[in-house]
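Note that subunit A is present in both complexes that follow, paired respectively with subunit B and with subunit C.
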Partner chain A sequence: MAELAKRPRRPRSKSSLLQKRDRKGYLFILPWVAGFLIFYVRSIVMTLQFSFSELTMDAAAGGYQLRFVGPENFLYAFRVHASFKQILTTSVLDMVVDVPLIIFFSLFIAMLLNKKFPGKGIVRAIFFLPVILNSGAITAAMDLSATMMNGGVTSQVTEMAAAGATTSSVAFSMDYLIDMFVSLGIPAKLLDYMVAAVDRINDIILASGVQIVIFIAALQSIPSSLYEVARIEGATGYETFWKVTFPMVMPHIITNIVYTIVDSYTESDVVDLAYQTAFGEFNYGLSSVFSLVSTIVTCLILVLVCGYIQKRTFYYT
Partner chain B sequence: MSNVKKKKMSELDRKVAFGNLRDFALTLGKIAILTGVGYVILSPLIGMFVNSIASTKDIYNPMMFILPADPGLDKYRLVIERMDYFRTIGADLIYTITLTLLQLLVCSMVGYGFARFNFKGKNILFACVVVMIVIPPHTVMLPLYMTFKNFNLLGLVTLIHGSPVNLMSTVAPMYLMTALGCGVRSGLYIYIFNQFFRGLPKEIEEAAFVDGAGVWYTYFRIMLVNAMPSVITVTVFSLVWQFNDVFYANLFLISENVVISKKISSLAGVIANQDKILNVTIQEQYVDAGILLILLPIILLYLLLQKQFIEGAERSGIVG
Partner chain C sequence: MAKTMTAKTRMRFFKRREKQLNRSVAGNTLLFALMAVCGVFMVLPLVMIVNNAMKPLDELYQFPPKIFVRNPTLENFSDLFTLMNDSWVPFSRYILNTIIITGGGMLGHVIVASMAAYPLAKNKFPGKQLLFSMVVLSMMFSWTVTQIPQYLIISYLHINNTYAALILPAWSFGMGLYLMKQFMEQLPDSLMESARLDGANEWKIFWSIVMPNVKSAWLTLAIFQFQQMWGNTGSLFLRDEQLKPLQYALQQITAGGVARAGAAAAVTFIIAAVPITFFLICQSNVLETMTTSGMKE
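This part shows the complex of A and B:
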């Protein structure tokens, strides 16, 4: 006994083993931490720096020089630049119109695809296809083809290729329908939104591939016992949707909104403008201002929307 | 008595009949919606395919719709030659697949690190992952361009090489960024893996720990094997997005001999220049053939993986 007591005690025997293990976690995330610091933190600081300076490329030394100009670039972007404000507003408005439509459309389609029916696999594969087809270069080539061939001899094929980009083939006039709805007393604002929605149905379908996959996964994760209870209690399909399905997919709606907003921002005209300004006009300072302002606007929208929905979200635990 | 019973029966019958009718109508509506939307998705593909196999005579025939009278694959032959298709697609596939493997390794490692270790500052760091998902790469494109144009990592390159190196128009920037967990949409993959690993039972690891397995052994031989649904989901996403990516490819001026989708924008010009086909309508046929050729491998890969992908997406961490 005495010998045992004399033995030097190792400090914090059990917890130290676990702590040691936990410290190895740093090793796992180390590559990402390094990458985040080098490529993101540093880059964001540099973007800020660029936006307050005039940047000249130094071809001989291969570097660049910065001259501090204060908020000049910002003033130029908002006061002088011909199209920045307009493009920014249209991009944001497009986003605001598209996001709810995409969310509801993809939830609707996910509910249709969630049930068992023959050929389910193929149909699901088709609905994910837009993600595959959505390559920058290919979309550009297809757009080009649509404009080049509009009104050509092969307009039928083009119209198919453009997939609803033109409404010229519609046999009756849209205005007649719109007039009818107006005289029915439907609010003009709502009607405008509906017309815009119908007009963009093609874009919406093509933008909801990933969202549909996320919603299908979410629907699968709802415990079937909830539906059983609803059925036993005599709930109708409509009630079941609003009382069971919708609250249960609510958390994933946030995921989808974040994804949709980021995605639609990445493909918006503001980004093109920033890219053009940097690599077409070599005005790096102004391009940084465009990037920064549009990113801040997008992040603000994200925070507002998510904050608003988060409060109303029900988390099933 | 029997009369009442009969009436009841017929009421029930009617209910069943109407129920069937309602079900039938619902099914019909469902089929109509799915077919319609499916057509909208597939129609550009169908249109391009028809356009690319039609002969010159068909193209000028206003009666031609969907079914060309004189189909042929001669457009494809020329396009394959002009794009140097097989070599380019081979290089592109190697580029895409190696980057995907790198993404899988790095992102699953980082995701596992976040999911299963309680180190200091974990929450703040994970918030940074979310920030990375939300901030689009365009915000940082200029600095990235500058960084890789005069690549000098903490002065290390100067030490070894003497002066900063220009990594533009090589594939090195993409590999470097991916290896450090900042490739095309890496944030999203880290998030998916993190959610999945958090959902796995802790007992598996405890058993491995008691049996004396180290963390690396546990991760490679036990956890990664269990993470198959996430691995497949991330593989499909990464293959598709990496293959389609032109943003980084343009930013880093990666050669069009590696990223084949860059060739499509110059294809019409090449055809016009080398084969003296100046008619835009016919050039268009070649461009369509080129687009389909480029999409072919990625569609095939997707069809191969799609069953596991759709099933896997349901169980992977994509919904948390």
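This part shows the complex of A and C:
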């Protein structure tokens, strides 16, 4: 016994067992991080590098040359460039309008689709269709069939038929309704938002395919015992939604907000502008500035929104 | 017979009561009507694609266009097969390429991202928050604007013009990690704790406890990744015709313009049909995973 007590204690204590386990986590992350560092972090660093320099293609040497120009590209983007600031503002505003609508719409549809009814799989697939049909080849083919249909004449009629919706016929009554609401004393800001929202219904439906699927997966992972308890305790549907469903899908509301913001950013006009500047005007430096600045702005929004919601999120542990 | 009938009616009776507890019949009808309107809008392009694929040439050029086909024919598909046989790389090669690229990219991404998400969701270690912020940041850099750096990296690594140029970047895409982490965070810690007490090592816990419990999440991720990889033409990194995926070959047929209108309609149908089928298979497996079914608290 005495000998045992004299033996120097091993330096590991109980807390280091946990630490050891946590260190094993690195092994799990390693493959992902390796690829991430190689393919993504480096391309971000290179974009940063490009934004501070002037890039010239050197066909003879088979490469490119960078000349450090300092913040010149940034100054040009903000002071000289005709449309960058305006496009950035509209893109960000569009995002702010779209995100809450997409989230509510997709949660709503996901809850409906989560019920058991015949043909459930097909209906879910229908709501995922826009994501599938959004691929390059299909868009190209649809354009081709549109040109075929109007026999080479680019008439508006076909465009409308392709879009599946026309707004001109309802324009008059819309104006009338808006006037009526204004005279009723509804705040103009709210009204603007509503009009913008109604204007985008089609876009919103088309943009919520992925979010619906994420929400369905989230709803599926809510243990049914919780609903059982709620039913036994006599909760109404309304109460069940706010006390069970909503808290349980809360983490995935954040997931979807992040996805929606990323998605609407990568499809926004700013990215188009950056692409045009890079591959239309071959001004890679300026293009990098555009993508950097807009990325930072979007990230700020993301951090603010998620920080706000994260505090109110309930994690079931 | 009679006994089962009564059981059935009784069950139906209970179901009806359950529904009424939650929402009125009128409300339900209204909601489903709304959903139906939205659904019709979404399904319209697909209806057009299916019908176009079966329209004879004169109907394809008809103006004003009709959505529904009047004299359905499979001519477009036989046209497409003739075109396929004429291509100087055997068409089966394109299909093989697509299977390798799509399958490799999808499976690799699901496994690698889930593996990384597990410690991020459940362990504490220094640098966790930083890593996670980097993930979100990386999602913001869209493919279109980082094309040049991406190309440079791929050529530094000398994997240009190989399958790896398409497959490897897909493995480390940020979205999958993010999605899996969010779902794994919801698993109760005690589930893993009990497995640990029973002597399971971390890999075993990950593979046989965590993954089956987040099945709906990784099936969802597989759908997204399949869609991403399926739409990839690989034209930026693959130069050899033998390596190019099906999507590229089909796009070439569509690019043939007005002369190949019929085959192009058939192509569109095939491009749309495959991911839809994949979606249906995956979604039918998204069932309640019963996270806490093994728990007594």
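Quick note on the criterion: the second predicted complex is superposed on the first by the 244 of 317 C-alpha atoms of A that agree within 3 Å, B and C clash if a C-alpha of one lies under 4 Å from a C-alpha of the other, contacts with A are read in each partner's own complex, and residues count from 1 in each chain.
Here is the rule we use: a residue touches a chain if its C-beta (ideal position, glycine included) is under 8 Å from a C-beta of that chain, and two chains touch if they have at least 3 such contacts.
From a predicted model like this one, the values you see are computed outputs, not experimental measurements.
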One more residue to check, A:F282. First (subunit B), second (subunit C), both or neither? neither
Per the contact definition in the header, classify A:S224: touching subunit B only (first), subunit C only (second), both, or neither. second
Have a look at where A:T47 lands relative to subunit B and subunit C in the superposition and call it first, second, both or neither. both
Touch check for A:Y308: first (subunit B), second (subunit C), both, or neither? neither
Thinking of the overlay built on chain A, is A:L112 touched by subunit B (first), by subunit C (second), by both, or by neither? both
Give one of first, second, both or neither to describe whether A:W242 is in contact with subunit B, with subunit C, with both, or with none. neither
Of all the subunit A residues, which ones make contact with subunit B and with subunit C? 21-26, 28-29, 31-36, 38-40, 42-44, 46-47, 50, 109, 112-113, 121, 123-133, 135-138, 140-142, 145, 148-149, 157-158, 161, 164, 202, 205-206, 213-214, 216-218, 220-221, 251-252, 255, 258, 262, 265-266, 271, 274-275, 278, 284, 287-288, 291, 295, 298-299, 302
For the complex, give me every residue of subunit A touching subunit B. 21-29, 31-36, 38-40, 42-44, 46-47, 50, 62-64, 109, 112-113, 121, 123-138, 140-142, 145, 148-149, 152-154, 156-158, 160-164, 201-202, 205-206, 213-214, 216-218, 220-221, 251-252, 255, 258, 262, 265-266, 271, 274-275, 278, 284, 287-288, 291-292, 295, 298-299, 302
Subunit A-facing residues of subunit C, complex: 18, 21-23, 31-32, 35, 38-39, 41-46, 48-49, 52, 60-65, 112-113, 115-116, 118-120, 123-125, 131, 134-150, 152-153, 157, 168-169, 171-172, 174-175, 177-179, 182-183, 185-186, 188-189, 202, 206, 214, 216-217, 219-220, 223-224, 227, 230-231, 233, 247, 250-251, 254-255, 257-258, 261, 264-265, 267-268, 271-272, 275-276, 279-280, 283-284, 286-293
Subunit C partner, complex, touching residues on subunit A are 21-26, 28-29, 31-36, 38-44, 46-47, 50, 109, 112-113, 121-133, 135-138, 140-142, 144-145, 147-151, 157-158, 161, 164-165, 202, 205-206, 210, 213-214, 216-218, 220-225, 231, 236-237, 240, 248, 251-252, 254-255, 258-259, 262, 265-266, 271, 274-275, 278, 284, 287-288, 290-291, 295, 298-299, 302, 315-317
List the residues on subunit B that touch subunit A in their complex, please. 30, 33-34, 37-38, 40-48, 50-51, 59-60, 62, 64-65, 106, 109-110, 112-114, 116-119, 122, 125, 128-129, 131-144, 146-147, 149-150, 153, 164, 166, 177, 179-182, 186, 190, 209, 215, 219, 240, 243-247, 261-262, 264-265, 267, 280-281, 284, 287-288, 291, 294-295, 298-299, 302-303, 306-307, 309-310, 313-316, 318-320
